[in-house]
Structure formats: structure tokens, C-alpha cells
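Working notes, beginning with the structure itself.
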Amino acid sequence: MHSTQGLYFEELEQGAEFWTAERTITESDIVMFGGLTGDYSSLHFSAEAAKNTSFGSVIAHGMLVASYAIGLCARTDMFAGTLLGFMGIDHWDFLKPVFPGDTIKVKIIISDKISSKSKSDRGIVVRVTEVYNQHGELVHRGQSKLMVKRRP
Amino acid sequence: MHSTQGLYFEELEQGAEFWTAERTITESDIVMFGGLTGDYSSLHFSAEAAKNTSFGSVIAHGMLVASYAIGLCARTDMFAGTLLGFMGIDHWDFLKPVFPGDTIKVKIIISDKISSKSKSDRGIVVRVTEVYNQHGELVHRGQSKLMVKRRP
Amino acid sequence: MHSTQGLYFEELEQGAEFWTAERTITESDIVMFGGLTGDYSSLHFSAEAAKNTSFGSVIAHGMLVASYAIGLCARTDMFAGTLLGFMGIDHWDFLKPVFPGDTIKVKIIISDKISSKSKSDRGIVVRVTEVYNQHGELVHRGQSKLMVKRRP
Amino acid sequence: MHSTQGLYFEELEQGAEFWTAERTITESDIVMFGGLTGDYSSLHFSAEAAKNTSFGSVIAHGMLVASYAIGLCARTDMFAGTLLGFMGIDHWDFLKPVFPGDTIKVKIIISDKISSKSKSDRGIVVRVTEVYNQHGELVHRGQSKLMVKRRP
Amino acid sequence: MHSTQGLYFEELEQGAEFWTAERTITESDIVMFGGLTGDYSSLHFSAEAAKNTSFGSVIAHGMLVASYAIGLCARTDMFAGTLLGFMGIDHWDFLKPVFPGDTIKVKIIISDKISSKSKSDRGIVVRVTEVYNQHGELVHRGQSKLMVKRRP
Amino acid sequence: MHSTQGLYFEELEQGAEFWTAERTITESDIVMFGGLTGDYSSLHFSAEAAKNTSFGSVIAHGMLVASYAIGLCARTDMFAGTLLGFMGIDHWDFLKPVFPGDTIKVKIIISDKISSKSKSDRGIVVRVTEVYNQHGELVHRGQSKLMVKRRP
């Protein structure tokens, strides 16, 4: 009997790399993300205003791309059953705009592992996420920390 | 005739503070944010699994709270017509969990202003965002950079 | 072979009444309608602020109830294939608040029929919509005009 | 410390005009609004049927445009903290169709102010809303009443 | 006074046929259905991957088309007030792909009626659903069973 | 470098079993699924009507549970990169109602493998899906066919 089982802290190799699935960002995504979060900035919601920007058309919210990238990471189920918490974002750079119709793909790099000083049943994983578009351009680069279980 | 006009780079005072509106996070928000971003981690989607965590119930995604906080900032229209781009997140800490039914409110602090070396028509604003819940507890704290127009 | 066929202008009796189906308004509906339309007023989105109002809790947007009532009318398929256009709202009164958990039902009254002066293939229908909640209270009352085909 | 504070009844000038932000109506908006409200009329949901109408393609629901216009008004935060209730729509005319890809903008006119006979802490504001598309054409015109706080 | 009243078991003629309304499937529908159900297969979510399939572009989920077809059946209100339960799908074939922009329409055939052995107040209806696109091609064909009330 | 890679036809063992992740069905899900598919049957949308049914409260659509179950299967990424098409549903029984607040989990059984007569690069997989709720009760049972690539 098989079941989805994520990786324990010990099983992660520092420097290991993983590719997520791809996802195309559509006009729908921008409308829905804007509505859900309340971010209606004209950069995302006015085709007329967008014509006058350096982008030339509406672009996806930086937080949309970052959230979708984190979602693509979650879908790998890399930490299914082993994730205790997502601690936060160390930094996340929005390097290039993402346009409706662009397809993104994320490379996950296990950048570092930090043993917890106080608790012996868990450790902290430092995860770098590089987001690429369909042209192979790096559009976003972020680093975050996750708390992951040790093998019981 | 009045129109929504945001602040130009020169008009921002370093240290100035602004409160956003409030927003209650609901079970709906968690289901919709998870569906939209693809983040179905059991911490957010399984009432059964959540009973066995230290949280005791499902919690909102860290990226949901961060995105909603940025959305509350956008709704102040503080940079309406003056925002050139959201450059990224310097860091963002998920300090305490946010549960369905919690109400968040954001304090925006203009932490720093950086003149652009190469372009004279804009500057960089460093914005600190402190997210509080209805008990006055600090649940998230983040810092990000925005590119803002100078007065033409 | 049967097919959904709405009523032509001639077939409508002045004074005729129709009941629509019922629909329960949920917390979800308020979150989604607010996000879609951009109406995040605290009356609808802050459980904390709502405690201090005469309502005591968040309420549904007036436009949500009106739009859902029009939707319940559309679902009767009363004008399927015969509707040329929805001309507008003569007036619509928000008489009582609608709370999450309330169930609404609409009584449609064909209040008047007006022949079109210029076009012989159509007429105008004046439709009164009375919206009731599960206690039989009239919560909204509106009147609108529709352009409807005459039998070819 | 700044905070979003709306206008009190006394502060509104009769005849004052305000422009809202812009918003582009997309195919997504029509699908989502139809699904949420249950209004699946073929004018909005069948590309095939729409080819045979005078419009030539699907159009946005009249109630969608009206609700989005009210949402754009709400986003000005003109009555943040001072709004006691939205009383209803005096009338709202759907003058021209709105197509996917059109961008709307609303001009708000404070048409009249009516002191409340019974309550001294509030007044009624009559608000006219003119909705324009990107060609400067008036597509919708409505008038509604709001109950607004007097300065305490 | 009219009200929506569905057909009782006795009123259905074996072999009777009904057409539902039409519905255009959009890119939005695929994004929303995928997000809601968690089915992010690249056949539906990656424009890049889809170019390399026999389909040439993203297609709608089979379950999306089947669920929308069942929804079109529900909208006929054929069993409004008389439906006791939807028992399941006997079989459902996904014959041809459905692409964004395609418009579907369903032919309902009352294929058989089965009296309930144990309960005299109800019967089972066997319903065949043939789903056609705008070219008149049969894209899906399914059969399901419903439990329907007898006239009281 | 790791990447999500699904199973090829040859790698599947007849009789092999897999558990998916869990998912809690919420009131939100029912509202959203109903809105998206157009299925507004009172069994799902009227709290008042539902009180008078044998269920006692609103229930999830059968197609919602089936689609969510298929979504949970898709999330295992069992056929990531190897799925050529979802051919249809052999049968799917709605055995027990699913209520808001219930949590479902799916057991996938590779019931049979059928070599394609005409094409040597693929085969057909017969997949049984048993859907359980949090009490361990079998709520749905379905069988479907997928076309899967052979190892190149």
C-alpha cells in the first residue's frame, strides 16, 4: 500500500535540487488574485493605464507569482506529513514582470539545514526558489525557511 | 473635481505611520486561496489532520496573510498613480498563526527613502508592514521595497 | 422534443405572479461578492467593526442581494430565448439587512407591459421583484424594465 | 499617525465631483459574476447565441457593471468609518452595452443632502454615479441614497 | 400564481427528449475548475506542455465538461421539487476534447423508468445525456440514475 | 536534480493501492461548485428546504465529491508526464451523502491494465477509486479508464 510521504529533515541533502510542475498564468488568475487579496492596483486591473507603463500591458501581481510559486512547491508534496510550519520569507526579489500567458516553473534548492537548538524532533530547512518563465528567464528569486520533522 | 491621487516620493516622511482598514479572514478565504495557488497542505485543508497539530485547527496560509496584508496596503491608495513597481520583499516573518475568524489590520511605516542613482524621476520607498490581529498581537512583520514617482 | 422556451411579450399577463427558487446567502457569498466587485466596506468584511453597528454582525451587500435576486429571476428561464435586453432598474429599496445564513426567495410580478413605439417586434415589460427572507419578511423591493420579443 | 477616514455628512459639498479608479471588465468577470449570482442568460454565456444578437458578442450583465461601479465607489473610501448604510437605488439606467475588454471609470456627484427628520446624528446623501468606458461614452447612469454619520 | 414545479415520476415519458441551454467553456472555467478540485494536470494548466500533445492547446477537464453538463440539466429545473437524490453515474465517456471557446449543449433522453421495489412514493429515472459542441459533434455521452418523487 | 515523474504503464502493478491526501469539504466548496457548474438544486443551496429532506441539511453535489476525488488522485502526480488522456468513467456510485465539514480521502486501486491493440506506445489503466469519510465510511466508489504512456 503506497501513500504520499514527504521527506524527513535527515533525508534532505544540502544542495539538492528539484523541479516543480509548470503553470501558465492567465488573465483570470490576475482578476481572481486581485479580487481575493483586494489589490486592485491599476498595473493589474486597467488595460488602459497599463498601455502607458513601461510594461505595455497588465502584469501579474508580484505576490501572485510568489504565492503560485510556493503553491507549485507545495504540490511536489516534498514535505507531505513532515511539515510543521512555514516560518517566513527571508527575501523575495521580483526581477522581471510576468504577463498573462507566461508559463512559470520553479527550481527548489535545499540551500541549508539548521538543527533546532531547543527541540530535538525537528529542524529548519532553508529553501531557495528560482522562478523561471517559458523563455528560461529568471523572473523571481526567493528564499524561505520551513520547520520540518525529524524521523520519529 | 476630486480624484484619487497617491503620494509622490517627496511627500513621504520617513517614520510616517498609516493604519489600513481591517479584514476578517474566513474559512472561505483559505479554501479559495489554496485553490487559486495550488497550496493544499493539510495544515490548511484537513480539519482531521489539523486536530493533531499544535494549532488544533486549520490555519491560514502564511502567503495568504501576507498577500491580504499587501492588499490592505494597496487599498489605502497611498501610491495611486505614483507606483511604478513593487520590487520585492526584503523579509517577512510569520510570527503567529492566523485562524478562520481572526481579523487583521496593518500598520504601515515608511521606514526609509532611497534616491535612485540612475533615474531622477523616481525613488525607492522601504515600507515596513506590521500585521495585528483583533487581540492586538503582532502576527506578521514584513519589509518590502516599492519604486515610486517623483513629482513631475 | 422539448426545449426551454421563454414567454413572448403577448403571453405575459399583467398582474401575473411567479415564485423563484430559494437561495441561502452564506459567509462565502459575501467574501466572494466583495472580492469580485471590490466592495470591501467594513460592514461586510470586519467582524470586529460589525459588532459595533446596529446590525451586530456582518451583513450582505445590498448589491449582492439585488444581484442574487435578479439571478433567481434569470433561473426561472421565464425569458429564455425571448430576452433582448435588461434596460435598467427603476428603483430598488434595501428595506432590511440580510445576514449570512438567511434564505431568500423572490416573487416576480409582471406589473406593466408597454408597447414599443418604434419597433413592432418587441415590447417592454415592467417587472416588480419582492425579495423575502425565511421569516416571510420583505427585505428588498425593486422594479426594473426588460425588453422582450414579440412572437415572430 | 494617519488612518483612512471618510467624510462626515457636513463635509460633503453639494455638487462636488469625484473620479474613481478604472477597471477593465474581462471574460473572467462575466463567468464569475454569472456563476456567483446564477444569471446564466445566453447574452452572457453563449458565444454562439451572442453572434446572432445586435451586440455581436457576449456582453457583461447590467448588474455586473452596476455592482462593479458601486465597488469602485466603495474603494475611494469616501465614507470609510462614516457609512451607516446603503439604502437603495433610486434608479439605474443601462445605456450602452459593456463588452469584455472595456475599461470603466465612474464619476461620483454628490447630488443632494437630506437631513434626517428623526435622527440628529446622521443624514442622507444622494449620490449620482456616471459610468464611462474607455471611449468616454456614458454606459450607465445611476442614483442612490446612503446614510452617513454627522460629526460626533 | 406560478412557481417552478418539476416533473413527477409518472409524468415522464420513456424516450422523451429535452434540450438544455448552451454554455461556452472559457479559459477562466478551466483555471477555476482546476483550482477548486485540485486537478492541475499539465493538460489543463500548461500552455507550453500542451503544445506538445496531440491536442495542441490546453483542454477542459473531462470532469469539468461532465459537471457543467449535469449543471445544464439541473438548470432546466426538470426535477425542481421532485428530486430526492442523484444516485450516481452508470457510465460517462469523454469522446472528444473540449477546448476553451467551445460551446456545449446537452440533449437529455429519459431512457428508462424503474419502480422502486421497497418504496411506493418514488421511482428511479435513467437519464442519458449527450453533450454536443458548436459543430454538432458528440463530445461526451453519459448515463446516470436519479431518484424522483411520485405524485403525492 | 529531481523532478516529478509519474509512473509509466509497465511500472504499474495490477492490484497496487495508493492513498491520496485528505480534504475537508466546506460550505464554501458547495457554493463555489454550484456557482461554477450552474447546479443550484435546493439540496445544495437552500438551508430551509434541506431541513425537510432525509439529509437534514444541505449536502455536497455528487459531482463535487467525484471531481474532488479525481482532483486528489491528480495531486498524487502518479501520472505526471505519463498521462495521455482521461477516457471516461466506467461507473461511479454516490453511496452516502457528504456534508459540509466532512473530510474525504481516496484509496486508488490499479484494477486492471489493458494493452492498446493499435498503438504500441501506450496502454489503458483501469483505476478504482474508493472515497472514505472521516468515520471510515465508504461514501463513493468509482471506476475510470486512463490512457498512459509506455516507457519510450
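The first chain written gets the first letter, and so on, giving A, B, C, D, E and F; residue counts start at 1 in each chain.
Keep this in mind: a residue touches a chain if its C-beta (ideal position, glycine included) is under 8 Å from a C-beta of that chain, and two chains touch if they have at least 3 such contacts.
The shown structure was predicted, so the numbers you read here are calculated from the model rather than taken from an experiment.
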Which of these pairs, C-E, B-F or D-F, matches A-E in more than half of the residue pairs in contact? B-F
If you tally the C-beta contacts for A-C and for D-E, which one comes out higher? D-E
Determine the centre-to-centre distance between subunit B and subunit D, using the mean Cα coordinates as centres, and give it in whole Å. 27
Please report how many Å separate the Cα centroid of subunit B from that of subunit C, as a whole number. 36
Subunit E and subunit F: spacing of chain centres that average the CA atoms, whole Å: 17
Hunt down the residues of subunit A that sit against at least two other chains at once, touch-wise. 21, 23, 27-29, 32, 36, 38, 40, 42, 75, 80
The answer for subunit C against subunit E in the complex is residues 1-4, 16-21, 75-77, 80
Using the touch rule from the top, collect the residues of subunit E that touch subunit F in their complex. 23, 29, 32-33, 36-43, 53-54, 61-64, 66-68, 70-72, 74-75, 80-81, 83-94, 142
Which of the residues in subunit A come into contact with subunit E in the complex? 21-24, 26-29, 32, 75, 101, 103, 134
Show me the residue ranges of subunit B that touch subunit F in the complex, using the header's touch definition. 27-28, 31-32, 40, 42, 45-49, 58
Quick check: in the complex, which residue numbers of subunit C touch subunit A? 35-36, 38, 40
